[in-house]
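Below you'll find the structures, each written out as structure tokens.
One chain, subunit A, links the two complexes that follow: it is found with subunit B in the first and with subunit C in the second.
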Partner chain A sequence: MTVNALRMTGATKSYGRTVALDGLDLVVEEGRFFVIFGPSAVGKTTALRTISGLVRLDRGSVDLFGQDVTHAPIAGRGVSMVFQTFALYPHLTVYNNLAYPLREAKVASAEVDRRVKEVAAMLRISHVLNRKPTTASGGEQQRVALGRSLIQRPKLLLLDEPLTNLDAKLRHDMRAEFKRLHREFGITIVYATPDELEALSMGDEIAVMRQGKVVQVGSPDELYDRPRDVYVATKIGAPAMNIISAKRGREASTIELPFGEVSVDPRKSWAAVAADAAAGESFLLGVRPYDLKLTGSSGYSGEVRLVEPLGDLTVVDVHAGGAELKMVLPEAQAAGVRHGDRLNFAFDAAHAHLFRPRDGAALG
Partner chain B sequence: MTTDTVPVSGGLPRLLELRADNWPLAIILAVVISIAAIALLPPEISFWVALAACILAAGSAVYNAWGRYKGGLLVAPAIALLFIMNIFPLMWSLGLSFFSYRANRARAPVFVGLDNYADILTDPVVWERLQTTAVLVVLTVTVQMVVGFLLAFLFAKQFPLRRYLLILVLTPMMLSYVAVGAFFRYYYEPTFGLLSQFVRLFTGEPYILLQSTEGAMAGIVFADAWMWSPFVMLLVLAGLVSVPKYLYEAAAIDRASFWRKFTSITFPYIRGLLMLALLFRTIEAFKLFDIVFLLTEGGPGTSTETVSLYLFRQAIQFNKTSDSTTISYILLFTVIVLTNLYLYFVNRRARETQS
Partner chain C sequence: MTDAALPRLAMRRKSRVSRGVGHAGWGRTIGAGVVSLIYFFPVLWIVLTAFKSHSDALAVPPKWLFTPTLENFVQVFNRAYSADGVAVDTKFDLFFFNSIFIAGTSVALALIIGTLAAFGFSRYPLKGNQTYLFIILTTRMLPAIVVIIPILIMFRVTGLAGTYVGIIMLYTAFNLPFTIWMMKSFFDELSPDVEDAARLDGSSDTKVFFKICMPQVYAGIAATAVFGLILTWNEYLFALLLTGVQTRTVPVAMAQTIGGDIGVRWGLLAAIETLFLIPVILVTFFLQNHLLRGVTFGTVKR
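Moving on, here comes the complex of A and B:
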């Protein structure tokens, strides 16, 4: 049986009137690369700071490896944290930055030297050891910050938006780097990010947060294929899922859309919900931009409002019956598409999602 | 002087041309005439001759600049004022330190070369005053630095009424020396002074702080530190506020002790400002005069008489004009040398830590 590296129960923290954490529940199994995902100011950072011990909860508890540490000091938690700003000590050399936590732990100097060099080699920062952090590049600073955490051999590593301050190319490289390090060190990582690409590409498991609460926890595929509500559906996946206001059609097996009707696939889990609903009851229908296909002359019709070529793929904004839709087309199909053209398109209802308008919850 | 941007092209023939706008020639002439006048004529006349020569040179420079160098003309009044109020008196007093002269005698200055300097530097009284000054400098600067430093740490934290307390603490720095002097005079006053009253509660005797050398020193140091610790505090506080909060959080995650956080994070941020405070306060303390004059007038005896106070007595009370200019130049020289040595070491340290 696996041990839970982290268990947060009903974690609540407010700063004045601002509620940062509102009854947050999290369970992270040992050895996982766990991502906390959500836009800025949803409480990701506060959650990490609570786990590290920098912040004390108003209510709720934090368990690390089966021990209640809600009121325990930072030391002894076996947790380390990499900050968004890197927070390197500007007046110390990279070497001394790396050695800092060890010196504090009164490790013998030969051992300090050995471990600093080992970590530096692993992170490929050996060449900057004698320099001040500010003279190193952004990516190097990032790795120094990571090294300073790893050298403590934490059981749980917290990463607070570590790639936000890096440029796009570096971000791409570092994503692979983090995955590699996770494999090599075999430690549990909790990684907070507002970037869904980072979340999907790195996370074994992702918790989507909203206003201090976890909305849904799952693997990247689960979140993508079975979002629990409109919030998760639109946050995971880019471009965001199209949400179209819909009505139950006159017949039980149809859904009425602003630009036409779609017949419900009876195999789909929400088919029964739609069938049970009264005629004219409103819903929200979600379709991913990738699931909208061009058809020759059949299907629904819409007018092209915007064309964004992205190389292999092209994002096309279509205005159809009062609804704005985004669709992603392969380069070959998108070649002739111009602003103002009329397009015919269709989608397979089996790939659509149905949500309740009142609270956005997924149906079925 | 006002037109330093004019290129002196054309060389010597151009320079010797006798024209109203030939300002380089005018300046050379003014200097030559002034030196000749001071050397040859009696002082009553030479002063006016030198003045006329200077006005001539200035007039030539203005004539040259007229309509061509408007910027230069615009700053000319400021430079002229600076010259009249600052540079000329400085040079004049420097000159006087090589003469034997008393301002209250109608006798002309007599050139004595370096005799004044030799006399002052071998005068045991001056050395005694220098020692008194040194003791006061060390004591008052130390107290100010320590108190200011601790106050800064206090005010770096957030607590109720912090803003109002901060204003109160900063007030002494803004008071005039006379106000502070009067305040502490009453404070130390033997019959009704607060200090004396307080001591009398325990001993039953009135307490006269300023009657002993140590007491007088302590009184001066306390008053000066009271006035200037806030200055040190302000500088250190600026440093403390500039430390990014996340560094302390990182240090907490790295389990750094309080002392280690201080030495590796806080101190590097305030070191420069601390050095600056030390420099400013040391220079000021060297010139310590007002508080001493107001509190003890150098007493008891001459035990708290600083060099500045001695200088004041020599110049104003005894009218030893050239002696006092000599002392002030020795003092100025000392401060400049000390300051430069200090800056040299600070810069060298900064370079070492940078690389």
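Moving on, here comes the complex of A and C:
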């Protein structure tokens, strides 16, 4: 049986009138690379700080490896954390930064030296050991912060937006580095990020947060293919899913869109919902930009408003019947597309999603 | 300006930009030197006067070239109070000790209390934190003379007048607002994440303060110490009214050398001032690197 590294139940925390966590529930299995995803100020950092013991909950509980630590002190949790700002000790050398947690734990100095050098070699920061952290590059500082966490051999490693303060190239390298470390150490990682690319590329499992709550937990594929609501649908995947206001058509098998009609695929789970609805009932239809295809002369018609070439792919903004849509086209297809052109497009309803307008919940 | 000078000037301008500060050019260096000399001149004149004989010190027009003498420095500690009297101990060694002891102790006490208080104000804000901070500062908004009578009475009643404890307590109290405000601003600059990281690395709150926060604000402590020291060192009014013969500080004792039957002894006064300058200059000199970092703290992107 797998052990739960972390279980948060009904975790609630307010700062004055600001509710940071609003009944948060999380379960992280041991050995997972678990991502908490959500835009800024959604409660990710508070969640991590609660797990580490820096923040005490108003209500709810935190279990680590089967032990209730809700009211336990920070020490002895076996948790370490890498901060968004790296939070290195500016007055100490890199060596002493790495040694700090071991010295606080009264580890013998020979052992401290051995472990500092081991971690430094593994993270390729041996050449900056005698320097102050501020003289190291951003990527090196990041690795020092990571090293200071790993040297404690934590059972659970918390990473709070560790790549936000790095440039794009370094972010790419460090994503690979984190995955490598996760594989090599087999450590449980909880990783908070506002970046869906980081979330999708690194997470075994992703919890999407909104206003102090978890909206949906799942593997990257589950979140991408079966978003629970419009919020998740538009947060996961870039460019964001097109959300189009729709109505049930006069016939049970059709959905009316601003630019035309689409037949409901009976295989799709939401087909029955659409069929049961009254004619004219409102829905929101979601289509991923990748699922919109160019067609020769058939299909729907729209006008190109913006062309953004991204190398292999091109993002095209299309205005169709009052709806603004984004399409992602392969470079070859997009080559002739210009601002102001009219083009025809279609999509397979089997790849579309249907949501309830009232609360954005996925139907079916 | 000749035409030939133009390209050279242009070249120098260019190199100045590329090499950044420290290459301000001769014109600016000389300009800065002249301004510095104007500021420094009184100090220079005092130091020169300290080495002049009584008649040289009074000479009109002022003498630039003179035979230096150490007579004034000897007289600081040992002199006759009348023209035909016997030289006696002036107790100036005691007054110098008093100045150093009283200023040093009160600045140190203010730093210890003020740093702890500032950390509290910065990290564990009370309800109405800003109000407390404001109230603390109001004690420095009045001229000292306004509060001197109640303080004098308090010192008389409690028997603190003329004691080291009394004047040190008073100076500590007067240094505290400045110390708290300065140190709070330094603590406010520190990243709270760094302290949280230390907590996660196994440090208690006490260790976080001493091992993480304090080392980061050494520059601030140095700057605060120098400013506090200069204020206390030169303080005259409270020292005049609240110290006794045994606890008298140099500024008071210096003022009391004026008078006697040969008028103002400028050479002697200058010698006392010269000696009086040395400790503060030494402290400032040793702390100057920290001082610069301290006063510019937070203005540079870290």
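One rule holds for everything that comes next: the second predicted complex is superposed on the first by the 364 of 364 C-alpha atoms of A that agree within 3 Å, B and C clash if a C-alpha of one lies under 4 Å from a C-alpha of the other, contacts with A are read in each partner's own complex, and residues count from 1 in each chain.
In this section, contacts are C-beta pairs under 8 Å (C-beta built on N, C-alpha and C of every residue); 3 or more make two chains touch, one makes a residue touch a chain.
These numbers were taken from a predicted model, which means no experiment stands behind them.
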| item | value |
| --- | --- |
| Three-chain arrangement built on subunit A, subunit B and subunit C clash or fit | clash |
| First (subunit B), second (subunit C), both or neither touched by A:T134 | second |
| First, second, both or neither for A:T193, with subunit B first and subunit C second | neither |
| First, second, both or neither for A:N242, with subunit B first and subunit C second | neither |
| Set intersection of subunit A contacts, subunit C complex versus subunit B complex | 49, 52-54, 74-75, 79-81, 83, 85, 87-92, 100-101, 104-105, 148, 152 |
| Subunit C residues within the subunit A interface of the complex | 191, 193-194, 196-203, 207, 212, 215-216, 302 |
| Complex contacts: residues of subunit B adjacent to subunit A | 244, 246-247, 249-257, 260, 264-265, 268-269, 353-354 |
| Subunit A to subunit B touching residues, read off their complex | 49, 52-54, 74-75, 79-81, 83, 85, 87-92, 100-101, 103-105, 132, 148-149, 152 |
| Residues of subunit A defined as touching subunit C within the complex | 49, 52-54, 74-75, 79-81, 83-85, 87-92, 100-101, 104-105, 134, 148, 152 |
